[in-house]
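Multiple structures follow.
Both complexes shown next keep chain A, but they swap its partner, so chain B is in the first and chain C is in the second.
Right after this comes the complex of A and B.
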């Protein structure tokens, strides 16, 4: 059943640009990264979904947080332009996206503790999707 | 070393489905993929908050021959079905790094 979550995933995996860049479709996941997947990978969440207008054809607005997880900051940043180019209007999983707005992004560097152990870097992209119900 | 007499439970490795749904997540379908003999020990059981409710969460330790685990290809993403109970695997330990005994820490949610 189509939902804004499946719509966002279909948008990100449309075509093969992300796969060509190094993240196959099976490594694009809602919420969290599957246990046995390797890096780099993409996770996304729809943080908020609300009505924008009330009328005969109201629009809905969804705030999406997308995370590119990679072993280094440089590797995560390398996907920024690819991600930005994938966030476009169109019909994805039977949901019509009327407008998109790339809000911004920030980088969470690899976490370093007392030693040199690290967690992967994350490029966090926030964007807003306007779609028809 | 592990005494063969203790390995009296036949466990089934339940392999997760390889298909990915429209959210990129693994399906909740598991299918049988081999068996091995094991020893089953329940460490603890407690009511606790789980999935926005209360459930009894049991901690179960399974011991088996390391080679059996290798042969059946058990990994942490699998489930174990033993005595009609479905156990989630938290970790698989190679006791003393001796390649003899596998200690599998599991959780069962009732």
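Right after this comes the complex of A and C.
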């Protein structure tokens, strides 16, 4: 059944631009990725979903946080323009996205955690999707 | 029992307006003072009824319902039937002109329009609006 989560995933994986850029569709995951999976990868979450209009088929707004996870900051940043170009209006998994707004992004650099374990860099993109079921 | 706005709609000239964020109707009937000279306490008689409606819509010039509202004020069109439906069998019905139309495009937000409507008597009406 279509949902805003499946819609966002379909939007990000539409065409083959992300895959061509180096992140195949199977590495686009909702929520989390396993620590030992291949990088780069994308995870996303729908942080908030609310009604914008009255009526039985109202306009809705979803806030999405998308993370491009890569071994280095440069490798994560390399996907920024691809991600921006993928966040567009259209119909994705039977859900009509009528407007999108790229709110902003920031970078979490790779850090060394406990011991000698290194956490990868993350490009965090926030965007808003306005849609109808 | 409370009513969920998911069951609500606003129609103008017989067509439901799309992408309405907020719809409101305000009725007022300011009392007329009838205090006699020398009286120590004010007295009033019932005043003249009035009603206005206000819409906040997510404006799209490609929407025929939105341009119908806009054209009503732009061309000085005739008053048209207005119905605010809260839910089935919970409606406010009247005849209104569009008296204001304000479009706002703000960074990081959807384009919105605030629409003001003034109800007018359809002729010989005692009630301001039909409520049913």
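Note that the second predicted complex is superposed on the first by the 122 of 133 C-alpha atoms of A that agree within 3 Å, B and C clash if a C-alpha of one lies under 4 Å from a C-alpha of the other, contacts with A are read in each partner's own complex, and residues count from 1 in each chain.
The criterion applied here is as follows: a contact is a pair of C-beta atoms (placed from the backbone, for glycine too) under 8 Å apart; a residue touches a chain by one contact, two chains touch by 3 or more.
Being a predicted model, the structure only gives us computed values, none of them experimental.
On the superposed chain A, the two partners chain B and chain C both fit, without a clash.
When both complexes are overlaid on chain A, the residue A:35 reaches chain B alone and has no touch with chain C.
In the superposition on chain A, contact is made by A:9 with chain B only, not with chain C. Of the two partner chains placed around the shared chain by superposition, chain C is the only one that A:103 touches, whereas chain B remains out of contact. Once the two complexes are laid over each other on the shared chain, residue contacts for A:123 go to neither chain B nor chain C.
Residue contacts after overlaying the shared chain place A:66 against neither chain B nor chain C. When the shared chain is aligned, no partner comes close enough to touch A:23: not chain B, not chain C. In the superposition on chain A, contact of A:76 is made with neither chain B nor chain C. Vertex at the C-alpha centre of chain A, arms toward the centres of chain B and chain C: the angle is 130 degrees, rounded to a multiple of 10. Between chain B and chain C, the smallest C-alpha to C-alpha distance in the superposed model amounts to 28 Å. The part of chain A that touches chain C in the complex is made up of residues 51-56, 58-59, 99, 101, 103, 130. Interface of chain B with chain A (complex): residues 20, 22-26, 75-77.
The touching residues of chain C, counted against chain A in their complex, run 5-10, 16, 19-23, 58, 108-110. Interface residues of chain A facing chain B in the complex, by the touch rule stated above, are 5-6, 9-10, 25-31, 34-36, 93.
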